[in-house]
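Structures incoming, each one as structure tokens.
Paired with chain B in one complex and with chain C in the other, chain A is shared by the two complexes that follow.
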Partner chain A sequence: MLLWIVLFALVTSPLGLLGRRTPRPLIGWGLAVLPLSLFVLLALQIPLIASGGRLDEAVPWVPAMGLELRFSLDGLGMLFALIITGIGTLIVGYAGAYMANDAGLGRFLVYMFLFMGAMLGVVLAGNILTMFVFWELTSITSYLLIGYKHDYPDARRGAQQSLLITGIGGLALLLGLLILAAAAQQVGVSVADSYRFDALIAAGEQIRQTALYAPAVALIFLGCFTKSAQFPFHFWLPGAMQAPTPASAFLHSATMVKAGIYLLARLSPALGETLLWNGTLVAVGGFTFVFGSIVAFRQYDIKALLAYTTLSMLGGLVMMIGLGGKYGAEAVVTGILAHALYKSSLFMVAGIIDHEAGTRDLNKLGALRRYMPITMVVTAIALLSQMGIPILMGFVSKEWMLKAALESSLPAPWPLVALVALVIGAVGYIIAAWRLFRNAFLGEPSPTVQKHHLVDPKWSMLLSPAVPSALSLILPLGLLPAVSSLLSPAASAVYGAPFTFELYLYREVNTALLISLGVIAVGALFATQQQRLAAHKIIASIDGAVVFDKMIEGLLAFATGMTRMIQSGRLRTYLLYVVLVFMLFVGTPFVAYGLDDIRFVLDENLRFYEVVITALIPISVIATIAARSRLGAIIAIGVAGAMVALIFVLFSAPDLALTQLLIEVLSTVFLLFVFSVLPSRFASLSPAWVRWRDAVIATVFGVMMALLVLATSSNTDFPSLAPWFLANSLSEGKGANVVNVILVDFRGFDTLGEITVLFIAVLGIYGLLRFRRVKPDERASGRDAQTIMPGEDLNL
Partner chain B sequence: MYESVILRTVARVMMPLLLLLSVFMLLRGHNLPGGGFIGGLLASAAIIMQIIAFGPTFARKVIRVGYLNMAAFGVFFGAIWGLPALFFNLPYMDAFWINDPIPGIGKIGTPVLFDLGVFFTVVGVTTRVALLLAEEPELFPMYVQAETEE
Partner chain C sequence: MSILLPIAIGSLFAGAVYLLLRRSVVKLFLGLTLLSHGVNLLIFSMGDGLRRGVPPITAADGTTLPGTTDPLVQALILTAIVISFGILAFILALAYRANQAVKSDDLDDMVTTDRL
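Moving on to the complex of A and B:
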């Protein structure tokens, strides 16, 4: 069933193209049925999961190497999958209304569905390699989503940043996962099982003892931190705000950025409980938490403000994973749920304000309470949840976070660090939330607002933010036992052992509650001063994007230099590099291991003419090199080819001889075609040392190839294949010509590859000969007009 | 290309013979020396002879084929004959044969058809390269013409 859920999400994605039709809002909500059906299907499994069960499905591919498509559903996967499909349903419906006038809605919805499928794949995968494939898919699809408005330079820049950063992280992650599997194999997990999450978690204790543990964790951190925008990789997240609002809401509230959190949470039972793991996560997460919340309230763009609070919350969740223990696990899953609810709602509200008022700038808004009362209520509930005001979901979540910090079993400084980060961050949240509400909904109407005829949007648009907003209020008031039974198995998966817990709004006066209330009081105090704080210069944001742009520029310059060096446009340079690389990667291991295989046996029945013919080959080669005229060179090289063909004839290989002769004839014809452009007398253009260098390289390469052939034919480690081909050619291949049967049947796939190469070669020749007189690109960097540098102006 | 009466006369006679020979080589390939690669080279040699004797414009007129398309078709044609095996849950490119030989052609099976794909690719690629060189303005300014193919 899980396989089908993921496949269904991916395969039905082209249905998004229906979004080209009208009426858009209706189509949007109609298409929302797709994720909704998945949501219902998953929700039906809740009883099974809540009772401690799990689903496992595998489609084996290469079982001996542990390659398989494995999906499993446990509490954590269930929580994420429900959020993805649930929020996804609302977003798709919302997108139909929000982008009612956008011609690209169809394309956008296709990307959305693809992204959703990829994301479901990540959270449902039961095998780290399966997970990785979907992980990369989310990078690519989110790139498409962020760059959706590709005619804006900023959108392209944001998309490029996110793709590069998550792409680099993805590479690191792959390496980390492979090292992790290798570590598992070291401690006795079979190769077939070593890529499975459950096997890795079961062997976690031993894996942590191996030397491979530290590099694996470091690389996995890199992958997760880039994906979840942890400092110092945070800057792509605000840049990703260029995506259309529905995509931002989806990417930031529920999905993309949570993938890193998911993987950390998933692996924490296997890799956690070490200082490396917990310390790094608390430090990085804690810093990101504080950093995001402080930078957030300086923003004027509503979406940017929300993006930085998202950043901050991601840091908070990372920190909770780092704190570990039961409370840490509980705080993580509760935080994920609370954040997904209020943040998706807030993003969609930001979209509504943008849609209605034509701006998201907090300085240009104001007094929206008069025109959009329902929107105001929805926003207010979501913001209160974000602030962590009692009786809302955010309050419960913050309560548990504080508890995780207070009850943490980590050594001395870390719990305190986490606590301080939580307090500062929570105050920042309150200021940011109040600032958003105050500037958008209260105060006097700005000129911009007065110009527009502002009203609450239709319910087709308002429903989507209203639902999660309402849930932020209803869940803590009435449904906490049900939520607890859903979150318990999720927390168990993070903790590593089954346990249950009960969420509650109020039980007793304890430290966590007191801190929480204190934070609210301090936050309220600061919030009244929000204008002055926002203007304060001390709280300057560290602009990572600038650093990133510099890095990319440097990388491009390096790449250009490399390309200049390698792609000189001269055949001899290409040949030189190819030969050198070949000598390095084939020659080195050959000299190290293969020289023993060489045996040279002189055939006693050697005939005189065989010797002559063989001797003529090197002679004609030397003659080619030494030739001073074009005709002489062509003739000499023809002799070499003809002699090779003769050898084939003598040693009874008629197919090879025929082919060689025909090739020889045709290459002579081709050489005659270009005869007129060859210089009639050859001159020595290169300096002497270059010619000597080339001679040495060529000789070494030639000797190496000859030795390789000798070694291949005299190696006795493997039985020869020839008798098998001879015996089976007629019976299995239905042909008496063994060579041809090998070509088209036994090794037919190789031949298919070869003719494909032939075809690609002719395309290359076509391009070289036909398109070379196009005016060269005159820009100094050598880049063509298609490559857009970060921050580059488009008007070239 | 060369205004040679002998070459033109020979080329005229040789072309059908060479083309026939190439098909012959292609078909006998499964049991005797030959095959798609050799057949293809022979066929393109026949066409290249026309190019040399009469020039590329005439050669294009005699055989109206888009060689680039032919090469692409060859790869495609070769690849599709591996597909039937997939329907029988066998690895890609497992062979199927018709039991009785067809008179004059011999046994027909998917490898022979695959060989046909090789033939087309080789003819297309080789002749296309020859045409590209023959129509290169720097080499042969007299043949610069409007390029309509492909």
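Moving on to the complex of A and C:
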């Protein structure tokens, strides 16, 4: 069933193209049936999961290497899958209304459905390699969605940033996961099982003892921190707000950015309970939590404000995983649910305000309470939940986070660090939430607001934020036992052992409650000063995006410089680099290892004429180079060719000698013909130092080649193929001339290739010589008079 | 094999590289010719020894003389000779056309627009 759920989401994605039709709101809600059906299907499994059961499915591929498509459903996967399909249903319906005037809705919905399938694959995967494939797929679909408005430079920039950052993280993650599997194999897990989550968790204790543990954890951290926008990789998330609001609400708050949280939570029973794991997570998560919430209330773009609170909350969840223990696990799953509800609602409200008022700028809004009362109520509930005001889901979540910090069993500084981070961050949340509400809904209407005729949107648009907002209120009031029975198996998966817990709104006056109330009081005090605080210079954000852009610019400049240097457009530069690289990579190992192989064997049967013939070759080479006239060069190079032919004659190669002589004669005739139209003397084109440099390079190259020949001719590592050809030539190939039999029979395809090359060369020559006259105005545009194309005559 | 053939091969390669690095199309052509000679002799020296008077031809009954020379390298060179001739002829035609078009055999007079 799980395989079919993922496949269904991916395969039905082209149906999103229906979004091209009108009426778009109706199409949107019609298509919302697809995720809704998956939601219902998953919800039917809740009783099984709540009773501690799990579903497992595997499609083996290469079992010996542990390659399989494995899906499993447990409490944690169930929580995420319900959020993905549930919020997904609302988002798809909302998108139809929000983008009613956007012709690209079809494309957008296809990406959204693809993403939904990929994200379901991540949370349902039971094999780390299966998970990784879907993990990367979410990065790609996220890239497509951020770059949806690709005619805007900011959208392209945001998309590129997110792809690069999550892409780099993805590579690190893959490496980390492979190291993790290798560590599992070291401690005796079979290769076939070593990629399975359950096997890794079972072997967790031994894996933590291996030397591979630390590098694996570091790389997995890198993958999760980039995906979940932890400091210092946070900056792609605000940039990702270039995506259409439905995508931001879905990917960049409720689901995709939680993939890193998911993986950390999933692996924490296997890898947790070490100082490396817990300390890093509390430190990074805690810092991100505080950083995000402080930067958030400086923002005046509603979506940017929400983006920073989102990355802050992601930090909070990372911190909870770091705190560990039962309370940590409970806080993680409760926080995920509470955040998904209120933040998706807030994003959709931001979209509504943008849609109705034409701006998301808090300085240009105000007094929306008069025009959009229902929107205001929806927003208020969600914001109260974010603030952590009692009787809302956010309050329960914050309560559990404080409890996790207070009850943590970590060594000394960490619980306190987490507590301080929680208090500061929570105050920031209250300021940010109040700032949003105060500037958008209260106060006096700004000129922008007065200009537009503002009303509450239709229910097709308002329903989507209203549902999660209402749930933030209804769940804690009436349904906490039901929620607890859903969250208990999820928390068990994070904790690593089955247990149950009960969420409650109020039980007794304890430290957590007092801190919570204190935070609200302090937050309220600061919130009244929000304008002054936001203007404060000291709370300046460390803009990671600038650093990132500088890095990318530097990389591009370096690449351009390299390309300019190597790709000069001159043949001799390319050749120079080829020769130098060859000398470096062949010459260095040869000098290091091969010099002993050089054998200077003197042939005692050497005849006088052989010495003369061989010696004439270097002489004719020098003569060719030194020749001042073209005729001299032709004569010199003809001598070299003839001497090569004579060497073939002397050393038992009559066929080669025949061919060489024939070709030599032909070449000379051609040369004489062509050279007759060229100036008869060579001009000295290069400066002297270049000629000397080239002479040195050429000499070194020649000496190296000569030594290589000396070294290799003594090589007897491989048996010669010659005896086989000699023995089989007559019997198999029916020919006494073995060379000819090889050419036409044993290696006939070589000859076919040779004929093909000749044929192509003939075609090329024919083309070059035939097309003589092309009028200049018939040339393709964009090239100047210096450009020569085959068959063009520019001097016409 | 004595030291003479490696010297000849080395000199062919050295001369080829020097000529290939020149600006003249004609010298480029000469360099390629020398390069193909050098490569052919290099392959020739890679067989199982150079011997005199024992060409790779079998007797009527299929037997060969002891120490018959390596036929495989000869077959490879034969292919190489013909292919390099094809390429050289093409370059000659190219040089001929380029000379017609720009009245020069200097490669730098034939710069293209695809600069960075």
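Things to note:
Throughout what follows, the second predicted complex is superposed on the first by the 558 of 796 C-alpha atoms of A that agree within 3 Å, B and C clash if a C-alpha of one lies under 4 Å from a C-alpha of the other, contacts with A are read in each partner's own complex, and residues count from 1 in each chain.
Basically, contacts are C-beta pairs under 8 Å (C-beta built on N, C-alpha and C of every residue); 3 or more make two chains touch, one makes a residue touch a chain.
The structure displayed is predicted, hence computed values, not measured ones.
Contacts of A:Ile765 after superposition on the shared chain: both chain B and chain C are touched. In the overlay built on the shared chain, the residue A:Tyr300 is in contact with neither chain B nor chain C.
Shared-chain residue A:Ile697: touches chain C; no touch with chain B. In the superposition on chain A, contact is made by A:Val621 with chain C only, not with chain B. Of the two partner chains placed by superposition, only chain C is touched by A:Val601; chain B is not.
In the superposition on chain A, contact is made by A:Glu610 with chain C only, not with chain B.
Using the contact criterion defined above for the overlaid structures, shared-chain residue A:Tyr577 touches neither chain B nor chain C, since it reaches no partner. With both complexes placed on chain A, chain A has more residues touched by C than by the other of chain B and chain C.
Applying the stated contact rule after C-alpha superposition, one finds that A:Phe651 touches chain C and leaves chain B untouched. In the superposition on chain A, contact of A:Asn737 is made with both chain B and chain C. Under the contact criterion defined above, the residues of chain A that touch both chain B in one complex and chain C in the other are 654-655, 659, 663, 666, 670, 674, 677, 736-737, 739, 743, 751, 758, 761-762, 765, 769. Touching chain A in their complex are the following residues of chain C: 1-24, 26-30, 33-34, 37-38, 40-42, 44-48, 50-62, 64, 68-72, 74-79, 81-83, 85-90, 92-103, 105-108, 110-116. For chain A in complex with chain C, the touching residues are 560, 563-564, 567, 569-572, 575-576, 579, 600-603, 605-606, 610-611, 614-615, 617-618, 621-622, 624-625, 630, 633, 637, 640-641, 643-644, 647-648, 650-656, 659-660, 663, 666-667, 670-671, 674-675, 677-679, 682-683, 685-686, 694-695, 697-699, 701-707, 709-710, 712-713, 720-722, 725-727, 729-731, 736-739, 742-743, 747, 750-751, 754, 757-758, 760-762, 764-765, 768-769, 782-784, 786-788, 790-795.
Residues 29-38, 41-42, 44-45, 48, 52, 68, 71-72, 74-75, 78-79, 82, 92-93, 95, 97, 107, 109, 111-112, 114-115, 117-118, 121-122, 124-126, 128-130, 132-134, 136, 138-139 of chain B are the ones touching chain A in the complex. Against chain B, in their complex, chain A makes its touches with residues 654-655, 658-659, 662-663, 665-666, 669-670, 673-674, 676-677, 733-737, 739-741, 743-745, 748-749, 751-752, 755-756, 758-759, 761-763, 765-766, 769-770.
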